[in-house]
Amino acid sequence: MCTSGPDPTGLDQDVVLASRFSLGEKLFILTLETREMFSRVQPGQFVLLRTAAGLDPLLGRPFAICGQEGNRIEIIVAVAGRGTRLLADSALGVRLSLRGPLGNGFPESTKSRTHCLAGAVGIAPFLLARQQNGESEIHLGVPGQDWEPLVNWVSERIHGLHVYSEDGKLGNRGNPLLCLDGLDPRSDVVWACGPTGMLKAVSAVCGKRQIAAWVSLETRMACGMGGCHGCVVQTVDGPKKTCTDGPVFHSQEVLWNAS
Amino acid sequence: MCTSGPDPTGLDQDVVLASRFSLGEKLFILTLETREMFSRVQPGQFVLLRTAAGLDPLLGRPFAICGQEGNRIEIIVAVAGRGTRLLADSALGVRLSLRGPLGNGFPESTKSRTHCLAGAVGIAPFLLARQQNGESEIHLGVPGQDWEPLVNWVSERIHGLHVYSEDGKLGNRGNPLLCLDGLDPRSDVVWACGPTGMLKAVSAVCGKRQIAAWVSLETRMACGMGGCHGCVVQTVDGPKKTCTDGPVFHSQEVLWNAS
Amino acid sequence: MPVDRKGSEVFVGKVALRSPLIIASGTWPHGPEYWRSPVTTGVGAACTKALTLHPRTGNPGIRVWETPCGLLNSIGLQNPGLEQFLMIDLPSLSSGDVEVVVNVAMETEEETGKVLAALSEKQHLLGAVELNISCPNVDGGGMAWGSDPVQAARAIRIARGNWKGPLWAKLTPQCGDISLVARAAEDAGADALVVANTWLGMAIDTNSGTPVFSRKYAGLSGPAVFPLSLRLVWEVSSAVGIPVIGCGGVSRVEDVLSMMLAGASAVEIGTFHFTDLSCFSRIEEGFLEYLSVKGYASAMELIGRGKRKVD
Amino acid sequence: MPVDRKGSEVFVGKVALRSPLIIASGTWPHGPEYWRSPVTTGVGAACTKALTLHPRTGNPGIRVWETPCGLLNSIGLQNPGLEQFLMIDLPSLSSGDVEVVVNVAMETEEETGKVLAALSEKQHLLGAVELNISCPNVDGGGMAWGSDPVQAARAIRIARGNWKGPLWAKLTPQCGDISLVARAAEDAGADALVVANTWLGMAIDTNSGTPVFSRKYAGLSGPAVFPLSLRLVWEVSSAVGIPVIGCGGVSRVEDVLSMMLAGASAVEIGTFHFTDLSCFSRIEEGFLEYLSVKGYASAMELIGRGKRKVD
């Protein structure tokens, strides 16, 4: 991805870090200016991103796209380790290597109402969804009060956001799963993105209540384009690749207890 | 060198790339803002410098210090390969890892006149020498007209600079060795810095004419502090380390034909 | 200005490749669009994922883990098996514009025999078979086949008996003296040697305090291992008369040149295209530029040239 | 707030180290200021450059060459020889505040015997002798001693006969099955095993078209090799009962923890301090923090713990 010449697949390009907005020490919104304009990104699609200088870190890190405007895209980066730390620390104007957009987003639904359940930075695809279409109900759960800057930032963008925190200090006490209680399998559909534990719980509830639910999974990735088989998840139809078959899967398709 | 905590040796520190001035596509003047102020640097002393993000490139690259003011130092970077390319491309404000100042500079002379012979970026130590003390005669040789921006930049700083180019399009036709003709072994001393071929020639002439000459050598380095034995040169007194015994050696001490 | 890519043709034995760059096994999607222009610009051949007689689901748990300039993987030969490969994958791969090299994972004598017999019927569609006697991520077979000269020779003979086309043997660094294994493979009838598969490594998750991979060890690839692979290429190409294909850590044109100067006829690239998909076209351009600057009339002249002044 | 560094003490057999971090041989200046506080903050012991009976000038030509996240070196045991070491180096090194480990390069039986006999008279100044049967950069002896169990055992027995203090054997990755070499070294009387020295690699200068190093091959070290060394540490510590010291590519606290979880009692760092001199103090601080967060009462509890849930 540290290319100067054009990439014949059209998947890789250099992008410029155009702006960074901090939502705390370990949480940043980055705006990337792409050379080639992306066609309309589906909520749930992602990019692999790496700092282009040097061979370390070697691989791009996956981030869901949370906003798109002209040739700019936006991502939320939570600092989790070395790669995300370097990205967050990159100087403005620096070139980064990007592969994408990758994967399949949440499927358009024929049902009347979509309920989006996000765990923390799992809000990313739903920011994009709301940007594209104002209709869904969006529920954001965060671990606690440290996350207030994210909640405020998202609230400005998502009118009518439902907020949850375990201690109740931000929004409702509890987590976004609470919203599942009132859903009607005939007219409601669920989209979820967040920690695996949350997705598993969403799947369990929706399975029992026969609510159609799609979840966006996270696995480690190398290529992002279906080549390496590094990102497989076990499903009822055998192993599938998170990068090209997902990252969005039907919740009942995933074998949650296979490792 | 990618440290946040203090380094107990005092040799390593993070510095900030404060300014970059381009003298062509492959030649840059970088100003570095150090955290700890260096004591007075001797002309010929150098630093190891690397981009601090990631583990590749792994090692610092050696650069002679060409200017010092307060907690700023200046270096000239000629793009030679990957490491220098990355340094030259670094965004302003970025943190770089620096080890230094390292090595021994040119020795103060008791003789009355010092003649400095530089090949291209070998001018670096003499810029510092002139900054500290206005007395030496400075001779700069460059391969050809491409080097005009460097020559102009140096001329502004070094009053009375003597310039040489092979084709005579810049300054005198020929190379700085021409100036050796007129020197007097009793009162003159030579300092030289540049490509090995030039240093070897300086050594041959000065040896024959019994002019005291010091040369600043280049070898590949790893540690810069005498630990790895990676940088040895063969001398009449056995192998010596360029980083701690040099980089400045007496020209007659070096066994020029040992590899 | 369009680049004239003619001068980069090489031969691996009788197999002509329009470029010395080969996509390494197990790293490239089988979708047909990845096996033809424009994606294959700069690519001479591409290896399929390892093929086995029966479908394999691969290893459970974490399968890839980044290390400094490297990648550990423990995929475990996940593949849909011979039947689906012949029906679905092969037709679309061979409709592209690069030579198709089928990577066949050495299993039992019987299984490998069946796979190769079936591939023999499609020989016209294939550039070569790459016999993988070096996979570190499975029990029974895999790397064990390549770990000593006797086993390696046995594997090659089994393959040779069932496949008459070009037969490349992919060696493992995990063997005593690789020259001995290489010579044994040559004597048993291999047409070329791929040097080499991944280096056995491991990772520990310090948070859980346990190994990252379900099989503990995994294979290391990527730029980190390049100096190690280059040494093996030099060693093997000094030991055998058949062509050698360099593999392991290639990321720059200098790496390709180094491998060829050390005796390789062609070079595989796996991990690095995860980082940069444009590497093939970019490296091929640098390769052509080097030939022209240094005055080589053909890419073949480069092969082993680094040795002439030393060995 | 000053860091309380007490909790990082470890034992390598009977040798107590105030920190598990050891400076690897051949990488650290012998100047006395480098063997004492504040420079040695975080350091438990430091190994000298390889010592031989007679002075050695080392290898000609280029000696170090950077690779992706790694370093190739071909120093060739340059050192001033036993006499000067005893007279000049040892007194100043042993006046510092870290354990001094003398790295003795295995030469002939007679030469090594003499070196160790002389060191025996200074045993009170030394933490241990590290017997280097693994140097890839010299002819005759060097790595050849460590390349198979029989030779390794012979070397250790020679050393054991001449040195009664703590004897560490530094193994090479270039051997068939390292567990066999490790067991042979244990049986022959080694007190601990250092796993391992550098990995044999090479580089070619594409400009000249020839190998970079005068001896063609050189030893690879640095972060690139970490996953490979970790695998060896796991393997060796599963095979022997004596302590193992991890070495190869350590650059972060996670690497130290991984090595110890895999069975190492201590860890050497060489190449990475070329990049970052503050690594010892910084890593030790991270190490202490990990122990405290995870609730370990002592560093020793970590050793081999990664295995308990798997092996």
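Brief remarks follow.
Residue numbering begins at 1 within each chain, and the chains themselves are lettered A, B, C and D in the order written.
What we mean here is this: contacts are C-beta pairs under 8 Å (C-beta built on N, C-alpha and C of every residue); 3 or more make two chains touch, one makes a residue touch a chain.
Just so it is clear, the structure is predicted and the values come from calculations on it, not from any experiment.
The interface holding more C-beta pairs in contact, when B-D is weighed against A-D, is B-D. A centroid comparison over C-alpha atoms places A as the chain most distant from subunit B. Chain centres here are Cα averages; for subunit C and subunit D they lie 34 Å apart. Averaging Cα coordinates per chain places subunit A and subunit D 45 Å apart. In terms of their C-alpha centroids, the spacing between subunit A and subunit B amounts to 50 Å.
Of all residues in subunit C, those that touch two or more other chains are 68-70, 222-223, 251.
Residue positions of subunit B touching 2 or more other chains, listed in rising order: 55-57. Taken as a contact graph, the chains are fully connected, with every chain touching every other chain.
Of all residues in subunit B, those touching subunit D in their complex are 1-9, 11-12, 50, 55-60, 83, 97, 99, 220-232, 234, 238-239, 244, 258-259.
Residues 67-70, 72, 176, 199-204, 206, 209-211, 216-218, 220, 222-228, 230-231, 234, 249, 251, 254, 257-258, 261-262, 290, 294, 305-306, 309-310 of subunit D are the ones touching subunit C in the complex. Only residues 68-69, 223 of subunit C touch subunit B when the two sit together in their complex. Subunit A meets subunit B in the complex at residues 51, 53-57, 86, 89-94.
In the complex of the two chains, the subunit C residues touching subunit A come out as 26-29, 31, 34, 37-42, 49, 57-58, 60-66, 68-71, 73, 75, 78, 214, 222-223, 251, 271, 273-282, 285.
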